[in-house]
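The data blocks that follow each hold one structure.
After this come two complexes, each holding chain A, first together with chain B and then together with chain C.
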Partner chain A sequence: MTRQKQNKFLLLLLLVILPIAFVCHFAAGEISISWSIFSDAWFFFDSSNTEHIIVREFRFPRFIMACLAGSALSVCGLMMQTLFNNPLAGPYILGINSGSSLFVAISLMTGISIFQSDFGLVSSALIGAFIFGLIILAISFKVKQGVSLLLIGLMLGSFSSALVSVIQYLSEANSLKMFTMWIMGSLQEVESGQLPFISVLFLFGMLGSFFIIKPLNAFVLGETEAELLGISIRKIRLLIIVFTALLTGLITAYCGPIAFIGLAVPNLVKIIFKTQDHRILLPASLIIGALFLVLCDIIVQLTAPWIPLPINAVTSLIGAPMVIYFIVKRLAQ
Partner chain B sequence: MRIKNLHIGYIKTLLEIEELNLEPGKVYSLIGANGRGKTTLMKTLIGQIPSLSGQMTFNEKDLTTLLSLDKSKLFGFVNSRFAGVSYMRAKEYVALGRSPYTNAFGRLSAIDEAIVDQSFATMEIEHLADKFTEELSDGERQMLAIAKVLAQETKYIFLDEPTAFLDYSNKKKVLEMLMKIAREENKCVFYSSHDLEMVLEFSDVKICIAKENNQVSINSARLDLNFLLNICFQD
Partner chain C sequence: MKHVKLVFITFPKYLFMALMLKKSRTVDYFYDMKILSLFVILSAVLFSCDSQKKKDISTGENVARYAKYLRIIEKGNLTTIEILSPETGEVEQTLNVSKEMIKTSHFLQVPVSKMAVLSSTHVGMLSKLNEIDKIAGITNRLYVYNKELLESIEKDKVVELGEEGQIPVEALLKTKCQALIYSGFGKQYPHQKQLNAAMVRCIANYDWRELHPLGKAEWILLFGYLTGKEKQAKLYFDKIEKEYLALEEKASKLKNFPTVLEGNLFGESWFAPAGASFKAKLLKDAHVRYQYADTKGTGSLPLTLEKILSDNLDTEHWINPGFPTKEKLFAFHPKLKYLGPVTKNKIFDFSKSGNRYWELSAIEPQKILSDYLSIFHPTEFPKENLYFYQEVK
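Take a look at the complex of A and B:
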């Protein structure tokens, strides 16, 4: 079997695991629900039946959000790592999440009613992500060294979190509570009615990313080389920032800032598939990102009766040792 | 490719070339002390830096109006060092040279695959195809970088100090290969170098930048080492 075929086979295998993950995720919920009720909830829905409502309004949206958030953040991380030619890049580290947090804080806590709607929340998260993405991009023209760029991203993050604290101090108890819940990160905030809207934006960002696979492959060699291969780098840079801001902003708006996935999953994918070809890396990040967050959420659900862990804590708790293990293993070879 | 009254530099003119024709099948070497504008000259020729004034034409067509995709099919460029990319195999790297020709998703056609294989064969490095670029030696990586530019199928190949990081036998190997490519594939090869003895042997036209006044002289005749030393490196 050629290497390309092996990789495609592995991708397919991972795709098959996704339904299994769904079964585990569904079974891990605190209230156990049988599979016959699960199918009844879809085909013979009874709005007075609590279990039906749990299936349709809680379990299913939560699983879908875990998949969407995991894959969106992983793909964003991959694109950031390629754009900045740095394996440590990711939407969280570069401060793109912080942009969303800052703008959500402003919109939630200023008390202007138009911002408190769903639409207001999403658009402020998107605008925040996009503005911070552009700031990082602008700085990256001046600062060529990858490490300095990451430091600047971290500075942006702490600067905006300081601003957020000031806003929190000045705001009322009610909106403060809303914001605090949001920033802890949760996959349970989404109602089934919101899923179509979220999926459409997700698909838009994801399809966009798939259409820049070829330039991404050239960007791996650095921007100068990419230009010599006929890629218009200004356009592609902007597109990467637009798609990243869209996906990160969308997920951050509904699930809060989720750390670590964007950094860990793309590195994991590169270690597993041993390639720099985005025709493999992009779909692999998408699937493994989804699997990773579903796995984390299964753990959240299983431990929920004893300790209510925020999803943010679990991603780092599992992800960090995993990445360290893979890196050490790779260096040992 | 014809160059006429070309002024090169960033704000002030660094170099001036009155007339130069770059012809296929020939190897051009560029010699000059550090900081004399060798790299600037090459980057101007491939259109990465705008020239200050003058003309550059290819088949009577003004090169400055060329789109970047068309440029990438005409000019190939090799840096003095390719450090390798983690997780990238040699074949993947050379295949990127096909980017100007592949479809929107970068899928290699059977023809593209054949050209990539041919580039490995021309450089006589088929045995490296499955290795990771990070694991290769500097000499092997330089051969690989040239294979990539061959896969790009450009009429002109520019190389910025391609021998700078190589040991003696690899320097010789790379330059012999460049001569072979120019002769057998009918390409125009243009490289800069500080390895004067080798430049004398492995190039048809020597372009010298004089240290005293930055005058550019173009020499097709056989030169000797003392002449080069006198012009390019003596104050």
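Take a look at the complex of A and C:
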């Protein structure tokens, strides 16, 4: 079997694992619910039945959010790594998440009216991600060294954290409480009614990412080669930032900042699939990202009665050692 | 006092004179031995006196009757205040206070002229003793309710020191305060060594770890002794104790037990008060049925939202969600709308009073109990206006 066929088979296999992950995720909840109740919750929904509510309003949106968030952050990470030609790039490391956090902090804790609309949280997260994405892009024109760019990304993160601390110090108790809750990260806040809006934005960002697969492959060869192939570097760079900001901002707004997925999953995908072809890497990041976050959320749910772990802690606990492994492996090469 | 003077002043003086004599004259070996023996015997006698005194202190009558982590023993002009560790039950800090002039670092002369207080409850306790002007430093004006204190902050008479564990030492020293009261956490205060060297006494306050509402309130005695108003503190405490116990007694005769849910989500979990906690005790005294009343522990139980939802399907009341309006509550977490008490429209919160609750609830537990009784038993305890609480609409 050729590598290409092997990869396609692997992708199919991962797609089959996804429903199994759903079953495990559903079963991980603290309240035991039978499959007959699960089907009743969909076909004979009773709004006064707690179990029906748990199925429709708690477990289902949580699973969908885990899939969307995992996919979105992984695909963003992959695009950033390709754009900056650096395997350690990702929305979290490059400060895109921090941009969202800063603007959400402004939105939640300063009471500036422009952010107080219905979609204030989402729009502020998107604006923050986009501005910080543009800043890092602008700097990347001047700074060519990958490590320097990562350091600048980390500095941007520290800078925004410092500003957030100042805002936190000056904010009133209720706003502070809301922000603290948000920054801990959670997949359980999204309601089923919010899913269509989130899904539409997710699909837009994801389709856009798939639309630029060809230029992304050209970027792997290097910017000069990509230009020779007739690709508008400027346009593609901007598109990558737009789609990354959209997906990161969207997920950060609803789930809080989630670390390491954008960094760890694309690297894991490259190790598994042993290719630089984005026709494989992109869908693989999408599926493995979803599976990774679903697995993390299963851990959160299983440990919840004893240790209340935020999702961000679990992704970091699994993701950080993975990243260290990638770095050590790369240095060894 | 006599012993202290004898050990530290009189005896060294004579010892020094004797040694000087030895230098000036030819003295035999036995003369040296005589002095040494005298020193050893005298030290032993004095040490035994000191041990006796210590024994007396630890066996004396404790002034604090409800507080588990505060022990106060009066002996003449000297009062020994012991702060006990909630983790081990051992004495964590000992404070010897006296109104007399004693120039040693082991004693704190009271009344303390200025102090920095790092928790809202400390401000509340000082306000009940009319000693707000003793405050030289606080953490953040955003959390202050007391008008007098706010005015003092405006006039720069009181300094804002920022976060409790990271206060700027120089700014604190500039206030010339003699004591720093902080919420105890089982370890020394971060800058304790430097502050002690600058004659600022760091005193841990464990009111927040007390398990009885009156035990929490009883920490007013600490402030009473520090400000020299221990009599007023005792009188105040006796008054609230009487009121609290009277309400508890009246409530215990009720026949119905309304059901109640307490707390809110934090991160992934709902932290419900454990069965032996301070909050559970208040609910018990308010004669309600609390779902987790029989659980072990003095802190909180981390529960999932799903568990809370399924356990509290028929629960009537929800107390202390932490938000003044439903709009803010659901903005905090939209799925809270599925909870039983929300559908029954019986949610009550202290955020009406905001900082007043944080400042005064510890020292006015009888008012919390009174509010609870009016909320849970409105027919038997009718009240037009709740003191700390309001309905969340």
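As a convention for this text, the second predicted complex is superposed on the first by the 314 of 333 C-alpha atoms of A that agree within 3 Å, B and C clash if a C-alpha of one lies under 4 Å from a C-alpha of the other, contacts with A are read in each partner's own complex, and residues count from 1 in each chain.
Keep in mind that, in the parts below, contacts are C-beta pairs under 8 Å (C-beta built on N, C-alpha and C of every residue); 3 or more make two chains touch, one makes a residue touch a chain.
Quick caveat: nothing in here was measured; it's all calculated off a predicted structure.
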item	value
Superposition on chain A - do chain B and chain C clash or fit	fit
More chain A residues in contact [chain B versus chain C]	C
Contacts of A:211 with chain B and chain C, given as first, second, both or neither	first
Following superposition on chain A: angle at chain A, chain B versus chain C, Cα, nearest 10°	140
Which superposed partner A:188 touches (first chain B, second chain C, both, neither)	second
First (chain B), second (chain C), both or neither touched by A:53	second
Partner chain(s) touched by A:139 [first = chain B, second = chain C, both, neither]	neither
Touching partner for A:302 - first (chain B), second (chain C), both, neither	neither
Which of chain B and chain C A:169 touches, first, second, both or neither	second
Three-chain overlay, closest Cα atoms of chain B and chain C, distance in Å	39
Shared chain A contacts, counted only where both chain B and chain C touch the same residue	none
Of all residues in chain B, those that touch chain A in their complex	46, 48, 68-73, 75-77, 85-89, 92-93, 96-97, 99-100, 102, 104-107, 132, 152
Complex contacts: residues of chain A adjacent to chain C	29-31, 50-51, 53-54, 57-58, 169-170, 172-174, 177-178, 180-181, 184, 186, 188-189, 191, 300-301, 304-311
Chain A to chain B touching residues, read off their complex	87, 210-211, 213-214, 217-218, 220-221, 224, 227-232, 270-271, 273-277, 279
Of chain C, residues touching chain A in the complex	140, 142-143, 162-163, 265-269, 302-307, 309-310, 313, 322-324, 328, 331-335, 338, 351, 354
